[in-house]
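A short write-up of the structure that comes next.
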Amino acid sequence: MMKIQGRVARGASLTVLALAALAMLSACGSSKTVKIGFCAQLTGADSYVGQAAKLALEDRIKELNAAGGIAGNQVQLISYDTRSEPAEAIVATKRLIEQDKVVAVIGPEWSAAAIPLGPISEAAKTPIVTTTASNINVTVDENGKLQPYMFRTCFIDPYQGYALADFAYKELGKRKAAFITDVTAAYSKGIEQYFTAQFEKLGGKVVDTEGYQSNDTEFRAQVSKVAKSGLDLLVVPTATYRDIGLIAKQAAALGLKVQFLGGDGWVADELLGIAGKELEGAYLSSGVSTESPEFQDYNAKFEKAHNAKMTVYGYYALDALYALEYAIKTSVEKTKKVDRVAVRDALETMKDAPGFTSKLTMEPTTHNPHNKPVVIMTIKDSKWQIVKTYTPQD
Amino acid sequence: MGYLTSILILGCINIVVVLGLSVLTGYTGLFSIGHAGFMAVGGYAAAIIYIRLHVPFALALPLGGVAAGLSSYIIGYPAFRGKLRGDYFAIATLGFAEAVRLLLNTTYPVIGGAYGLMGIPQKTNLPIALAVALLAFAGAQSFVRSQHGKNCVAVYDDETAAQMMGVDLLRTKLMALFISAFYAGVAGALYAFYMAYLSPSMFGISKSSDLLAAVVFGGMQSIIGPVIIAFVTVALPELLRFLLAWRLVIYGLLFVVMMVFRPQGLLGYRELDFGPGWRRATAAVASRLGKPRPPRGPQGPVEGTP
Amino acid sequence: MSDAPLLSLRNVSISFGGVRAVHGVSLELRKGELVGLIGPNGAGKSTVLNLISGSVRPTEGDILFKGKSIVGLRPDVLSRIGISRTFQNIRLFPQMTAFENVALGIHGKPLYSFAESFVRTRRAWRAEAEVRERALSLLELVDLTRYAKERAGSLPYGLQRRLELARAMATGPELLLLDEPAAGMNEDECGSLVELIRRIHEESSYGMILIEHHMNVVMELCADSLIYVLNLGEILASGSPREVQADQRVIGAYLGAKRSANERRRRRIS
Amino acid sequence: MILFMQQLVNGLSIGAVYALLAVGYALVYSVYNFTNWAFDAFMVVGAFAAYYCITLFGLPLPVAIGLAMLVTAGVAVSVEVGAYRPLRVRQAPRLFMMISAMGASMAIVNIVNLAFGGSFRKFPEISSASVELGGVYIGRMDLFAIVFSFVSLSALWLLLGKTRIGLGIRASAIDTVTAGLMGINNNSVAIIVFGVSGVLSAIAGVFFGAKYAVYPYLGLVTTKAMIASIIGGIGSLPGAVVGSLLLGVIETFVSAYISSVYRDLISFTILVLVLLFFPNGIMGAKTVDKL
């Protein structure tokens, strides 16, 4: 009996030892390096979101380090895969903060994973800059309290909902909207809520709201029901291109000809592949667009280097990195070292800092980027086309 | 070192639920692929009574376990009365766990629904997790050696013979399920107070099948084996994190290899020692054999039984 | 009540989907009496045992134990009120040791509460010691103490038979049903088994029903008591061993009807 | 009224997808009464094989489907030989086979995901056009699915009922060891059974891919097929089809008339209720535990 216990005990202690060694190894590193964490969906069905962004960040950091890093510090990017699950995102973020001792974290990209990180970032006093999590509760919780260490570089759903409603009512002249919403996604519910508020304020009416759960593939029941609701506009604020692709195909199969409207969750070239024809003439809101002229040469360079197409998620990630560059520089000027709290303060008071897509100004009370433009796009013979740009002032 | 403690804490939490599951699957032979459902019930129950009813953390933990244990009767009672066995019972537990997860998904305004329940303070730290794990381990060891525990093994080995020897099948199975659900509930509560956040998607099918695999790999009718594997299944994915998608392929192939080449798992069917009680008894027999005595006929029923 | 028979079957029958396995069987057994139950294969002997031990439920008739009807009670309830049995094909708990198998008979109905199985109270320890004491004495009785820690599944056949007997006695029964205990045993193993069963019969006050094919075992053990002969689910005859052996109907049932000499000759040619 | 009819047709069309899968699932269960959890992986392999036959090699649809059937049958048989046979020969408890099946499925699905990436792909050939009958739209694909599940059911019924191989399969289902003694080569029976169920799941994969999209996680729908075949009566082939159509219609009416958010919750609740109160489903065989 003893022989077995001995062997097993030794096995268990070996595992623990290996773990400790691994932890030690990655914790140290030359003192003149600043570590930035990046947590994104690198595998699984939504890997299209994380992949391009990771490559874009690595390119930018190579440039920075070649030019001497940020205020003399070489930059190191540590990225973890969250497999589009909130629990994994939390564990990965904790690992970045506690073990890798990063000064700040970029990502996660979607609201469901970003919202719970508020209290965690505050406890660890480490700023987190989410890239495309547009739900309002990411930076301000339900009862209005600001999450001090949470920031974002994309516009927020209220503004996206507002812009869409305004465009649908005034430009498209639609009066009776129906919704098919992913009730399990904070992002979808957010857009539905703010769109309805603005649309009804303008005099429109929401005739029917149908729900579904994420990862559903069957929408015929909802589409058939909506088709009979006398709608002239079908708003489908899906969190990923997959849902809208399926809904559009099934709507076509059921002979429903209606004007589609959606949010920036649609943005992925795969959507054009699977439902480009069915969504001809649909409109959607998006942050910045890969089609806008000023990014064409960057896209070309990126495509040549990685033979993968650049995505909007990459632009937002770069915005987050630029914001951190500014904040780290300010922190070094003020406190002579790269300090998490100093970086946070710099982010909060950032005014017209150089960004990738545009100048970055952070609203101190809500930690949302100030007047980030919303671009309204349409799908014309299976390609994105920019139609109009909304900026928050008007 | 924060990260290492988080692996140790998550390891302890996994150990607690795997200990409960090894009583149900390893010792009583009832396979469940729905134990994430009981974890969810325990986690949400503990979090809600803590936040809404201000029940102290030390009480919320066991109460979470009790809630999960009681919920096990919803599926257990009809299943065992209907003599559900093998695949059927496993699929029934899968159905139960998915129903729990989907139900939680639709509770948005009340307890956060699919967006998750926030506002849970982070109470679970390493000492608490270790203490609960040790307590669970001692409890499981003591249970499997008890008369109730042996009855479970009898139910696994031969239900009909066990019944003939006076074992109440329904009560024994419900007891084993209650224990495993209670352990899962406590583990769920520990998890809730560690992550400071709960979302239904944390308790999906993949979590349940990981737990079942931990018991089967650890070895049937063994406590130590599943405990080691329970810890490894938490540490390994973190270690293999750099392998990204490949780790799921390796993980899947590991299932097949283990089942084909070492079905009894790490330490299956091999209890490491019998514990003190045993040594005293054999000594007593040895001393009596020394003195020749006419073999005493079996007395009537032992006093104390009705 | 005290003179009511330990066990009485009244006109018990059962049919499995049209096939009448047992029909109109009645028999009585007093405390301390050892009764034999013999008959050709498929006569329904084991079914009678299954009826008494509650594994199957009779379609007609009644079964009384100490004057009270026990039809429809679960086997574990029957075991607790004093009915125990061995099985035709051994059904020990293979993964458990010999000691654990016998102990299981004692604590089928656990002697302490669910909570005490986690935290042993003094009462629980005493109950454990008691169970160990009785189990070891039973093992001693069937001479298996040496194999106490062996896995039941790995014991040789003859020892498994004796272990099953010890386990059946462990429940503290008043009625012991033995289903072909000597099956598959050679001569001297039968001898020592007969010796063991006789000793148990003399020293205990069990009522016992013995199903057995080894005629010498039955005849020897039931020398001064009754033997029932079952054929095609009905009681063909009953009486002392000598009467039963001489009864033409019994011989016919076992060996087939006596054929005239020439009929045998004709059959051999074709 | 048209909405009712449309929803009924929607229900039947989803039911047909479940039926295609449930028949394959019930076949393996009826023969080996073990839940073949690797079933979703076969479906994924079938869908991807057909998709890449068309896009990479430009093969016409029927040839692509034929090749997909072959590839999937091959994968199914190799999974049987690799992951199940050693356990079956050793008569390991069925639930060990279940875990081995889960492992095989996890490995295959993730290999496909790694090799081809997780994004959605559209089947170029099969158009999802639908025909309109009095205001009710019926997809051509759905008709194909309903027809095909009945065809495959009756073909299987004939194979099992009327042919010598079928007799061998049924014999080895009842008792593998004795069947072996009777000269039936159990291994070849296993190859036939898993080959056939591989072909069925390939068809279901291709069909699902065309109706929805081709992606590595399309196998999740097989849990619904499992529920359907349990409702119909586990192990009974006609039960699988009936259960599938029933589940499809119930699901659609729930999401149409109650709320689509509760659809899956309702189907899992039905599963638990059926398992608890009619464990043999509508048409399942009563299994008595021989004492």
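Each chain carries a letter (A, B, C and D) given by its place in the written order, and its residues are counted from 1.
Keep in mind that, in the parts below, a contact is a pair of C-beta atoms (placed from the backbone, for glycine too) under 8 Å apart; a residue touches a chain by one contact, two chains touch by 3 or more.
All of these numbers come straight from a predicted model, not from anything done at the bench.
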Considering A-B alongside B-D, which chain pair is linked by more C-beta pairs in contact? B-D
Please list the single chain whose C-alpha centre lies closest to the global protein C-alpha centre. B
Where the CA atoms of chain C average out and where those of chain D average out, how many Å apart are those spots? 49
In angstrom, rounded to a whole number, how far apart do the mean CA points of chain B and chain D lie? 32
Approximately how many whole Å separate the CA-defined centres of chain A and chain B? 38
On a C-alpha centroid basis, what's the spacing between chain A and chain C, in Å? 74
Residues within chain D bordering two or more other chains: 113, 261, 264, 291
For chain A, residues contacting two or more additional chains: 43-44, 183, 213
So which stretches of chain B touch two or more other chains? 102, 105-106, 160, 245
Where on chain D is chain B touching in the complex? 33-35, 82-83, 86-87, 90, 92-100, 102-108, 110-111, 113-114, 223, 226-227, 230, 234, 261-262, 264-265, 268-269, 271-272, 275-277, 279, 289, 291
Report the residues of chain B in contact with chain C in the complex, numbered from low to high. 139, 142-143, 146-151, 153-154, 156-158, 160-169, 175, 221, 269, 277, 281-282, 284-285, 289, 295-302, 304-306
Chain B - residues contacting chain D, complex: 31, 75, 78-79, 82-84, 86-88, 90-92, 94-96, 98-99, 102-103, 105-106, 160, 205, 209, 212-213, 216, 245-246, 248-249, 251-256, 258-260, 263
Where on chain B is chain A touching in the complex? 1-4, 6-7, 10, 102, 105-106, 108, 113-116, 118, 122, 195-197, 199, 201-202, 224, 228, 231-232, 235, 238-239, 241, 244-245, 266-267, 270, 272-273
What part of chain C is in contact with chain B in the complex they form? 53, 55, 74-76, 79-80, 82, 84-85, 87, 91-96, 100, 103-112, 114, 116-120, 124-125, 127-134, 136-138, 140-141, 145, 148, 167, 169-172, 200, 203-204
